[in-house]
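Some structures to go through are shown next.
The same chain A turns up in both complexes below, where it pairs with chain B and then with chain C.
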Partner chain A sequence: MKRLKKENVLPFLKEMNKTEKVFCPQWVDDRDLLFIPLGEGEYKGDIGKTTISVKTLVFPQTEDIISFRGESISKIIDSSKKLLFGIRPCEMKAIQLTDRFMKRDDIADPHYLSKRKEMTTIVIACHEPPSDTCFCIDAGGMPYLENGYDVQLFDVGDFYIAIAGSERGEEILENKYFEQGIEEDREKLEEIKSKARHSQNNKPGLKNAIEILKEEKADEDFWERLADRCINCGGCVYVCPTCTCFNVYDIPSQGGYVRCRSWDACLHAGFTRETSGHNPRPTQGSRLARRHEHKLKFDIINFGESGCVGCGRCSDTCPVGLGAIEIIQELNKL
Partner chain B sequence: MAGLAATFGSGAMTNSIQEFDDAEAFFVIGSNTTEQHPMIASRIIQAVRQKEAKLIVADPREIKLAKLATLHLKHKMGSDVALLNGLMHVILKEGWEDKEFIKDRTENFEPLKAVVAKYTPERVAEITGVDKDSLRKASEIYAKAKRSMIIYAMGITQHVAGTDNVKSCANLAMLTGHVGYPSTGVNPLRGQNNVQGACDMGALPNVYSGYQSVTDPKIREVFEKEWGVNDLNDKAGLTLTEMIDAAERGDIKALYVMGENPVVSDPDARHVSRALRKLDLLVVQDIFLTETARLAHVVLPAASFAEKMGTFTNTERRVQLSRQAIAPLGGTLPDWKIICEISSRVGYPMNYDSPIEILDEINRVTPSYAGITYSRLKGSWGLSWPCPNEDHPGTLFLHKDQFARGLGAFDAREYIPPAEVPDEEYPFTLITGRVGFQFHTGTMTRKISILEREAPNAVLEMNSKDARRLRVIDGSIVAVESRRGELHLPVQIKQDIPESVVFSTFHYSEKNINELTICAIDPVAKIPEFSCAVSIRRV
Partner chain C sequence: MKRKEDIDLIFQPNLVRIERILPQMSDHRLFQLKFVDEDVARAFFHAPGQFVEVTVLGVGEAPISISSPPTRPGIIEICIRKAGSVTSALFELQKGDFIALRGPFGRGFPMDILKGQDLLLVAGGLGMAPLRSLLQAILDDRASYGDLVLMYGARNPDDILFKYELLGLMNRTDIKYLLSVDVDEEGIWRQYIGVVTGLFERVELNPETTFCGLCGPPIMYRFVVQELLKRNIPTERIFVSLERMMQCGVGKCGHCAIGEYYCCTDGPVFKYSEISHIKEAI
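Now for the complex of A and B:
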């Protein structure tokens, strides 16, 4: 167990940035909090909740995956070293869920896995919810993690208590900016965790919503009624830390072509429309149902855990009030 | 815009978007709100469902909002004035008008009374197809609710009677005292993110910024002083539709088009191309090489919204700051810089440092924008005009206590039929519009693969009964012919469209529906009608 003084965060990040690219939440124009390369915004110490989750660094909005020219075809793999500082526990959990999906033996995704492998993760536990829409506890998580990170930091005011969660994490804690902790820190840590466990008032009732879906109480009318308001912008999907749907297309480049992939959304009709014109998800209601059933029903069947980590980003972003929180609340009325 | 300016003194939404939440009754006419203004539609839907607001939809098509409506009036194409006069007839007959409001805040009431007296429910039913009971019910809902809102869009303005339609909406609102209060008013929904801003800035033939008339010598003096010039032109210029006609006649020799694609967006497209080809000089300034730019002698590549800073003014009169995200690509310049360069080269040096300096000038010469300064915009989500000074919070709703023009002016209008009605040779009415995934002529949205996937090609929407009669199925190709052109389109059978009416969109230049549409224009606003009569046959 070590300590990292808050005044040392920036010097530490700057030093790390010499050998690997450092990303952390920074403010742009005092308006947007984004998880971007160190120096591209203003780091203000306040980690908060970024508009778009850290997913964008392992699964970018658009990336080149293959280049081909004449007979030659080559895979494009990004295996640059990255250090991500200030990941929220819910985002880290989302990455863990995504790992399972991307690592499935039959269809491992090399583009994701290469980035993931070279990524150092420094999580900062939430001693209090960064926003009103946070509901990780209701979603079965915690505002801190038990495992699956390299380093986890706990906010104690002037400094962070630092715990290593991996060999890489132990290495990081050897850095000169991390100071030896004292015995009392252990108590403090438990105190923070206990306080954090009771820090969230937002309880939309995800567990019960899962039961309602299991019992198939949400019928077509239920979803169509909600979908009347859905404007099909895909915003909820793009900001979601566990959504990984993508579209693939080729663009001409230097006499050949580059195959790219970009985020896509299951809410768009074209995502499921077949060449014949037939669409197995023909209405906006059926697509909205699909999206939420995927997370709250099928992920549980496939992976034993819900695909919603309770970060609340969809509810922050949806311009018509149809994020996970509102959907869960509506389900609970059934 | 001309219609509301004449009656209220200001041609903009009277209310702000947030006020939709608290309206008690909505009267939506000529607006497919869920497709074109989905954020506003979402508020209407919530108000209807959660607060039991009443919703009247007047539209020949069974649009999505119509399914949620308390009452759906399927009036015939182009019969809006008759319908609105009919509503006023019933309201006056039943004594549901707001007598105090009429007396204190309006003028010219007597002529209105005389005109609407002629629009008996029987006559209205004949013109519009809306039955007596529905007309009465709609009148009652609209008149009796405390906070009633009229919402309209291009569905009523793009007609030869477009200005009449708008004036009739204004008449209805004034008759019932439904304007000048929160969540109560007349709300034209603007079709583009900054069309309000463009109008506000005087991108109209007859006004400077803030709708200050070019014919008013006092106003000209203000601008002459600001710009250090003498003898600014005191005559109103031509509207877009007039310019195209003048080009065809040879009266206009040069045209400078910025961010507009009239070859695809304007009615009677072949006429537009023909006219533009006659010009000695056509300059097009755009971010992509549009169909219009392809005809140009000079193309000026402009920077996109992401490559520049400036402001947009949205439909609720809210001026918002837009920040630059990336540097201009590939040798492009922001529009303001291009204009400065050209102006300087033709002999009037313009040396603005940045859009901030331009906004400073706007503040100086535009009373309604005087308080909308850069420093205030920087720290806020925008300000709605009128905002006359830096301490003013901006205006959520207009015409409180008095109209912008003083007294609200009733302007009674008579029904006139559309320019081109179906006949034996051309038995269908073609209406044009948009889908939510494409924007206008698609110069931007059609370059985005996911949007293109959602709405990849032009279709002709048709009622199933008409389809049976023509012996076509979903996907059959038909020839659609008007007096001006012919186009082959795949059929899409829809239940929400009435018989003898077909619908298509103008997003697709390879199937340019505007080769068929008509350029009959409203005599006041000069806005074209677009809708026209067509014949359809299997091919």
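Now for the complex of A and C:
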């Protein structure tokens, strides 16, 4: 167990940035808190909850995947080293779920996994929820992690208590900015955890919503009634840390072509529409149902675990109040 | 020779040469393709019902069923209907031109289960493209299977895929081939006129031994499955090949999801019993 003084965070990140690209939550124009490369915004020490989750760094909004030049065809793989400082536990959980999906059926997505492999993850536990929409506890998680990270930091005021969760994490804690902790830190840590466990008032009732979907109590009318106000913007999907659907398209590039993939959203009518015009998911209700059943029903069938980590971003973003919190609340009324 | 681990047929398209183009009915063509790299060709195995992702260079990619059987390796046949950008671009190409393939993908027909069984194949329209792979695989190893019935419903007498090849089946005694057309405006059709389900009156199906393979437009499944259930065929012996919008073919892009399944990796061939509880499936 080590300590990292808050005043040493920036010097530490600047040093790391010499050998690998460092990303952390920074303010842009004092308006948006974004997880961006060190120096592209202002680091003010608050980690908060970034508007868009760190998924952008393993699964970018747009990326080149295949290059076509004459008769030569090759994969484009980004395996640059990245260090992510200030990941929230729910986002890290989301990455763990995505790892599993990207390796599903023994088909390992090379574009995702190459980035993931070279990524160092420094998680900062939430001693109190960064926003009112957080509901990770209700979603079956915790505002801190038991495993699956390189380093986890716990906020104790002037400094962080630092714990390694991997070999890479041990290596990071060897850095000169990390100081030896004292025996009392262990107690402090338990105190923070216990406080964190009782820090969330937002409890929409995800567990019960899962049961309600399993019992097929949500019918077509239920979804159509809610979807009536969905404006198809896709915002809920883009900010979601576990949504990974994409489109593939080819564009000209430097005398050849490059195949790209970009985020797509199951809320769009064109998502399932075939060239013939036939659409197996023809109504907005069927599409809204898909988005939420995917997380709360099908992920449980396929992986034994819900795909919603309770970060609340969809509820922050949706302009018409159709985020997971609202959907879960509506399901609980059935 | 290339090492096995250097051959990627899953994410990276590999070049194929168009060896021959055979015109079919209006707006449909059969392309015979051969991998340029012989090591890649040797690494390619498929089951009937599986598909490939076809790249037209600089245009894009589309999922297409393999129409040729695994019993005739070397040449891969695909039957294309001119529909949108990629499929139309294919129609601009000539013999000798190059395109690229990834695959084969998905779950095809379970040949090990079908061996020794009586089989009923029902195709509607372009559904004949994947079923032809199954049909030829059976015919190439005919003694391994029981009774064989093929029902094929086409729009009109001009729109029959693999017309001459299928005509040759009429004289065979080891397959019962029934053809229907929806409409016959010119009055030339001597066989059944009407939807494909009408053909069921002309066959006896033994519900104890019959397995069925279906491929056609969504509306066809509903009616054909009804007929099969009326004849007491168990739902786990009905295999349907489903179509969905696909972008990746390897279970990642999410477009082809059907309930808890992904059509591209769990399908496209499903047991009816697996999907009958999913409303959006058929």
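Before moving on, here are some points about what is shown:
Everything below uses one rule, namely that the second predicted complex is superposed on the first by the 332 of 334 C-alpha atoms of A that agree within 3 Å, B and C clash if a C-alpha of one lies under 4 Å from a C-alpha of the other, contacts with A are read in each partner's own complex, and residues count from 1 in each chain.
Convention: contacts are C-beta pairs under 8 Å (C-beta built on N, C-alpha and C of every residue); 3 or more make two chains touch, one makes a residue touch a chain.
Keep in mind it's a predicted model, so treat the numbers as computed, not measured.
In the superposed model, A:D228 makes contact with chain B only, not with chain C. In the superposed model, A:D29 makes contact with chain B only, not with chain C. Which of chain B and chain C touches more residues of chain A is settled by the count: it is C.
In the superposition on chain A, A:I77 makes contact with neither chain B nor chain C. In the superposed model, A:L334 makes contact with neither chain B nor chain C. Touch criterion met: A:H268 reaches chain B, while chain C stays clear of it. When the two complexes are overlaid on their common chain A, residue A:I182 makes contact with neither chain B nor chain C. Looking at the shared chain after the overlay, A:P319 reaches chain B, while chain C stays out of its contact range.
With both structures placed on the common chain, the touch criterion links A:Y249 to chain B and to chain C. Chain A residues 247, 249, 264, 273 lie at the interface with chain B in one structure and with chain C in the other. Residue ranges on chain A touching chain B, taken from their complex, read 29, 228-229, 231-232, 247, 249, 262, 264, 268-270, 273, 277, 319-321.
Against chain C, in their complex, chain A makes its touches with residues 65-66, 68, 71, 73-75, 101-102, 104-105, 107, 109-110, 244-250, 252, 257, 259, 261, 264, 266, 271-276, 278, 280-281, 286, 290, 294, 297-298, 301-302.
Residues 8, 10-15, 36, 57-61, 83-84, 87, 98, 100, 217-218, 243-245, 247-248, 250-255, 257-260, 265, 280 of chain C are the ones touching chain A in the complex.
Within the complex formed with chain A, the residues of chain B that make contact are 34, 38-39, 41-42, 45-46, 64, 68, 323, 436, 449-450, 453-454, 475.
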